[in-house]
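Chain lettering (A, B, C, D and E) follows the sequence in which the chains are written, and residue indices restart at 1 in each chain.
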Amino acid sequence: MLEQQFGMTVDTRTCVGCAACVIACKTENRLAEGYVRNWITTQTRGRFPELVMTIRSERCNHCRSAACVRACPTGASHYAAGGTVQVTGSKCTGCKACMAACPYDARYVDEQSGTVDKCTFCNHRTSRGMATTACQEVCPTRSIVFGDLNDPDSEISHLLAQRDWYTLKPDAGTRPSHYFLK
Amino acid sequence: MDLTFPWLPRGFFGEQGGLLTALLIGAVFGFALERAGFGNGRKLAAQFYLYDMTVFKVMFTAIVTAMVGLYALSGVGLVQLDLVWINPTYLAPQLLGGFLLGVGFIVSGLCPGTAFVSLVSGKLDALVVLVGVFLGVLLFAFGLDGLPALEALYTSGSGEVLTLPGLLGISGSWLAAGVALMALGAFIGAEKVEERMAARLKKNGADLDGSRVTDSRGKYWAMGSLLALSLLAATAAPMLEQENPRQLVASGVRPLPLAERIIAHEPALRILDLREAGTDLRIPGLGKASPTSPPADLLPGQHVVLIAEGDLDAKDLAGWPQGPEYEVLEGGAQAWKEQVLTPLEAEVYNQEALDRAKVQNEICAWFNGTESKAVSAPPPPVIQPAVGSRKKPKGGC
Amino acid sequence: MNTRSYWNPYLAGVLLGLALLAAFVVAGQGLGASAFPKRVIAGACDVFSPEWTAGSAAFGKYVGSGNPLANWLVVEVIGVLIGGFLGAVSAGRLKGEVVRSSNVTQGRRLFFALLGGVIMGFAASLGRGCTSGQALSGGASLAGGSWAFMMMVFAGGYAVAWFVRKQWI
Amino acid sequence: MERREFLKIGGAGAAGSVLLGGLGTDWFGSYGDEIKDPGSDGEKIVPSFCELCFWKCGILAHVRNGRVTKITGNPKHPLSRGRLCPRGAGGTGLLYDPDRLQQPLVRVGKRGQQKFEAVSWDTALDEVAEGFEKIRRQHGPEHLALFYHGFGANWMKHLFKAYGSPNISAPSYAQCRGPRDVGFDLTFGSGVGSPENTDMANTRCLVLIGNHLGENMHNTQVQDFSEAIRNRADLIVVDPRFSVAASKARYWLPIRPGSDLALLLAWAHVLVHEGGYDRETVNQHGYGFDAFREHLKSHTPEWAYPRTGIKPAVIRETAALMAGAAPRAIVHPGRHVTWYGDDTQRSRMIALVNALLGSWGRRGGFLVPSQVELADYPMPEIRKNGLQPADRPAASQYPLADTVLAQGLCNATIPGYHDYDLKGWMVYGSNLPTTLPDPRKTYEAIRKLDFLVTIDVLPAEICGWSDVVLPECTYLERCDDLHNPYYKEPYVAVRQKVVEPLHQTKPGWWIARELADRLGLEQFFPWKDSEEYAMERAHGAGLDCETLRRDGVATGVSPPTCVEDGLRPEFWTDSGKIEFYSNRLQQAGFDPMPVYTDHGDPPAGYFRLLFGRTPTHTFGRTTNNRLLSETFKGNEVWLNAETARLRGLKHGEQVYLQNQDGVRSSFSAPLKVTERIRPDAVFLVHGYGRKARELRFAFGRGIDSAELVTQAKVDPIMGGTGMNVNFVAILRAEDVEEVA
Amino acid sequence: MEATSTRANPLVDPGLTIWNQDVAIYLFLGGIVAGVMILSGAMRLWYKQEEPSLALRLLPWGNLALISIGMFCLFLDLENRFNSWRFYLVFKAYSPMSWGAWVLLLVYPVSAHMAWAETPAHWRETVLRKVPLLRPWGEWSVRARRNFAALSIVSGSVLGIYTGILLGAMPSRPFWNSSLLGPLFLVSGVSTGAAFMLLFRLNQGERRFLGFLDFLLILAELGIIALWIIGMAAGGEASLQALKLIFGGPYTAAFWSLVIALGLVTPAIAEFIEYKHRAIPGRGAALLVLGGGFALRWIMVYAGQHSGWASEASAGLF
């Protein structure tokens, strides 16, 4: 049995961009005012009235080839259990090399601790055996699915097998574990 | 990146960068003027005594070079000529202004541009000339506000952009080539004239020291290159030349498609009625204009549809500003009335035509404001109020 | 005076033409000189009497939107000053003097310079440009009115030349 | 590959990556995989239901160290199903809003000067009772009016009924959903209720007309909406704006504003005259169909085309799509439907198209909901005194309005409108200046009042104009009455106190009872507290109170909700049938069948002002919520990109709006230059541009659409105020501020 | 395309602003130090009999001062300064920041040795007499000074390249993401180093050499910049967007005037003329080069953070 590789899919067909995930993440992780770990991106292409719009709930992509982990000089940014990318605050010097390296601008400097922080895929929940992240739990359109990509029977594996998907900025070569269903 | 010239009007370089180009190009301009000897009033004045034709030669070489370059580049599509500012024509003030400028030129020995160059090469007379120019500008400003005659003169003329190619009806590249060839001839003449004049003046004991250029070794080389340039322009550019974009291009639009665009609320659409009288077109938001005086608030990028009594010739719109796209209603008001405001009565035979006719008739009714009347229906039978509880879930917002 | 350091007029003309062409293709407008005095005066008047300036038919258009000096042509003239200076320095022509014929006094020469300057300032305002903006730039872009202007410049010059010949020859 | 070999390669790879990645991260000083627990899970989890909007989803409030840390959806509650919208999740932002009203305030300066003195509850309540008593003595009880919004208002309504005033009104009727309820009632004999009885999760074709689901974020409805998308239902969205819903749609019809009725008539024409309507339903349940068929004859898609701008072929295709999916097809009734003053007729037309599709009482169409039988709390009956409400000048006006009209009460405060003038108001949780059309008129009415008391959580604009302001505690700090809605799964939900009230705030039930005591109405408030009240009712209905408290909800068994489940549809109209031809309308002097009227186009230089919602806000109620504002900080003026380009307007530049009456917005907002809106309209999210300085976060953010709504076209049938009839011009902020 | 995001994290939105003038100063000083290390090392190897000028021999002390100022700037930029010892618990081969931290650790002893070994003998003797304990080390390092010179060239090069790689190894920022940034910063560093040295009282031969060398380095730098621009122009949509930062974007005027015109072309012409006329290079061109070098780093740091992939559609999306 392979190790777990956590990942997330967001169904862009059903996501309405309501930002419940953003608020739930903020209260779940008790983030300071003015900071978010996930966000809504909308992209519209075309000319009126021929328009196409995509709405995505985005966050740290937990790349399998993470530019931030490579850039980190102290090992504060590292690959952790479940193949996620985590930041150990006690090792972070706040040099911000990881922020410069992240193509997704998913990281921020927490003003209180001075350390870099970002989405953890709710590792405080999953390490306790919970199956969902806060954003997934709240999502009224059930667009967010979190799970083990290495488990062929997980919902996320089924979704990726059945649906067309893409990852963000594939040219950056980061191999994200965050997928967007078309 | 679309690199078609000109760059600044396309937002390339931004504002700061644009001003930087001004500095660079200006410096080259100033450098060339100085090196040509235009910092010296006597040398300039010599032009008018024909013993040193440097002004003529430099000026026409420059004009020919820039002209051939500009029209050749636009001919091959590298320059979008309608974004290049071209001096509009106000004939009377230009004629008089030109004459006065010539007078001032010979009196002072410098023109405004060369005065700047002369100034920085240390010439005191240039400073005085520039003081004069500033005074003259101020004087004119006072005059313009105070003298109605001056204002009438200044504002006379249409201010249209009239180019020689447009006026003469030949393409810019050919004209450029022609001008280049004429200049070539003129240069040869100028060389001859100045030699003779110089000799004559010398003989009469005139003081020509410090202004006469004796060195003209490179002239045949320069003439040769100009000839080559002009030939290039004359042969290559016309082959590649596209439709002259300075011409006011008006395309036609038929009444029914226009009606559909009105219904679609096309934001750029602006419809102007050019007829003197008549309010019978029933087009919502229709504006009035006369062919000779376009409205002042036309916006660039607008699609301006012009309606005359009948067909309108694009040539009639010579004085309309650049920027908007002009379209003329084919067949004019007459066609509009016939094709849009008159319901179809002709027999139609196939389904497709029938469908089209249906749409057309409804469009016709809508423009005419004749609401299709709902057919009155027989009242239904009187009913007994139902018994039983009425449930009405309520609430919320 | 070092007359040899004057360039061949045709070569100078070509360089001038290329500068003009560069102005057309980069800035979308020709070169000019009289915009500088116009805008400087407009700016100065705007400092002293903004109401009059804004209402003035000649200057109102310059002060309507932003700083009248933040303009391509104004900066271009500053470039001309720099370029002219470099040209004079490199040719060894930088020398304080009054250029005149030996037939006239310096005072007379300067009086005529002022007179001619005033006439040109007036004429450049009336004709919407000077030798640079109208004759050179307009001529190169084949503007009809500019060619008329150019012809009239020569006409004006030749018409009066005989009367002021003492100054020059 | 052998397993061992695999391991070897794996091992080598791991060693290699250690070498390449430098000395491993687990070297000296490392803490390994440090997992930080933010500690937001509650030590205590209290089920309740939400009040950030009026949908009333079930929530679980997590409490830790006496603070509410987070709010999650209650999985047992049929409306939330464990999930929440952003507002529900952001309820703590309201609870811990630093700008909350903290203690009772009594006006000291002149009214509107916004000078107040903090007083004790006793003083404040005495003042209110005295104010009420004075009006009752001098003029009679009917001279006092109650405006309300929200679930907690039940106590105040009860107080007013006991007090004897018939003037009890919620703006949510005439300013919001009234027309659709009347329209559907006239057709099917029943409104659609809240939650709406649409079965979107099972539908095959959903038509939304100006309804921006997804931006209008009613939890259950959006859940069902996403289920419909997931099930590949065909979505047709009619909206001048490319809304989120439109981006999910198979057809987006960017209709000319105001012409929806023409489109509906054309659809009905296609269904009836070109085939596709449900003959069985119409034959069995329809009344007056022949007249309707005749009426539709001229309303062809070609007729609709110049009016709506939608091509006839598209109208036919969309109609065919609906007919193909029928009866599992829904033309959604919408919610905020007061647009153009003919809204009842438009809503009726929506009902009629649904009738043609045969979707009433069908799975994937409209279900017939039911309610848990719940006993009233035993108390003396309030006797009716026969006084008439003051909202209408003549009884014949707005004959089909079935509640008191809020704007009517406001008008009645200005002398000479009705038989008697109102002298005092109580306003509960409704910020009238941003709710009623034409705030100028609202302020004029307020100036005429003898007495105004507001009960609110936040210092909204109306508080500044009050004589007494009573600070209520939030929904997380109080217990309320049981919630017992009509729903496909009937249930009873309980609101429970999660934490003790902060500051000196008090629950509504307490305020109402204290006032009743002071007004001599204590007999109508015989219960101990709201908890006892709710549990007594639950007990009376045979529900287990402990389970109800633990789960927050008790679900009942539903009778059949659709024909497929064995429902026999009943129509409580006069004819007992689906009324294609309405005798009631005809007798009242209205068109018995909907007739299209044109609402014109904006004059040159103006745009039609449209307003709507953003998912994180319930209009002005939540715009001061700092937590919710993380994702939406202020509204923008949506303008078509082509229009902006022509006018030289830039994305992001600050603009003011000025309407046709010369009213200019108090603040500016950035321009959103977008392809997503028609060229003849601008769009604003409602609820911004707050003018109450005490709302320190929301003050001055964006443009208030309400202050630009100075015109309203009143629906003659039921008094709904059509508010999309205003036109605005766009002014550059720099130009405006230069002049000022 | 219209794109909106609800994210508004400080330092990240609307544009990244994590690094400011502190980092620009650090990169600038690091470049000078690298240049001085390489040049002084090279000149030590070059000189066999003839002794270099006093100024040249004392310059390595200046190195120590400059690198300390630079490191202090970097320290100021850290958000969590109390954790900065963490840099020295691990070495991460992929992390330029880690390389930088360790290289600085190498630069100090090498510079110190160089400085000591180059200090005129009588001054050294004064010190050794006062602190006799240092004598064995003091004499050894003078003996080994040619080895230290070689080491100085190596560590200077690593430092110079690293200042560029720190930015160049960011695939996320198209404006930076170029393998040419290392060589560019190295060459620019040596050029600014040479210019820095020219500010001091060197002898004529040294001045001529440095002046001409600087001219050649500027030519190389212009070449690398041209290649870097061409590389970006040949890249994808994101690279083109990044290129627009210096072609019409907010950094256009600053880049072309301060860096190219004033910082490179003008001094190059001046130095060439000086070389051609066999004049002794003055300090004017050197100051321009230093100004240009600082402007280059300043613009690089700021403009790079402006570039990103934000406006680019994700692959296969539309």
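Things to note:
By definition in this document, contacts are C-beta pairs under 8 Å (C-beta built on N, C-alpha and C of every residue); 3 or more make two chains touch, one makes a residue touch a chain.
Since we're looking at a predicted model, the values are computed, not measured.
The chains that touch chain C as well as chain D are B.
Among the other chains, C has the CA centre that is most remote from the centre of chain D. Chain pairs B-D and B-C differ in how many C-beta pairs are in contact, and the one with more is B-C.
Central chain assignment: A. Criterion: smallest distance from chain C-alpha mean to the mean of all protein C-alpha atoms. Once the centre of each chain is set as its mean CA position, chain B and chain C turn out to be 24 Å apart. Taking the mean of the C-alpha atoms as each chain's centre, chain A and chain E sit 36 Å apart.
Inter-chain centre distance (chain D to chain E, centres taken as mean C-alpha positions): 61 Å. Between chain B and chain E, the centres computed from C-alpha atoms are 51 Å apart. Among all residues of chain A, those that touch two or more other chains are 19, 22, 34, 36, 39-40, 44, 52, 54, 75, 90-91. Multi-chain contact residues of chain C (touching two or more other chains): none found. Counting partner chains per residue, chain E shows two or more touched chains at residues 2, 6, 8, 86, 89-90, 92, 94-95, 98. Here the touching chains pair up as A-D, A-E, B-C, B-D, B-E, D-E.
Considering their complex, residues 1-13, 16, 18-19, 77-81, 83-84, 86-87, 89-90, 92, 94-98, 100-101, 166-167, 169-173, 236, 238, 305, 308-310, 312-318 of chain E touch chain A. Partner chain D is touched in their complex by these residues of chain E: 2, 6, 8, 86, 89-95, 98. Interface of chain E with chain B (complex): residues 240, 244, 247-250, 252-253, 256-257. Chain D contributes residues 24-25, 27, 29-31, 33-40, 69-73, 82-86, 88-90, 92, 213-215, 217, 219, 222-223, 225-226, 229-230, 242, 244-245, 247-248, 252, 254, 615-616, 626-628, 630-632, 640-642, 674-679 to its touches with chain A in the complex. Those residues of chain D that touch chain E in the shared complex are 20-25, 27-29, 630-633, 674-676.
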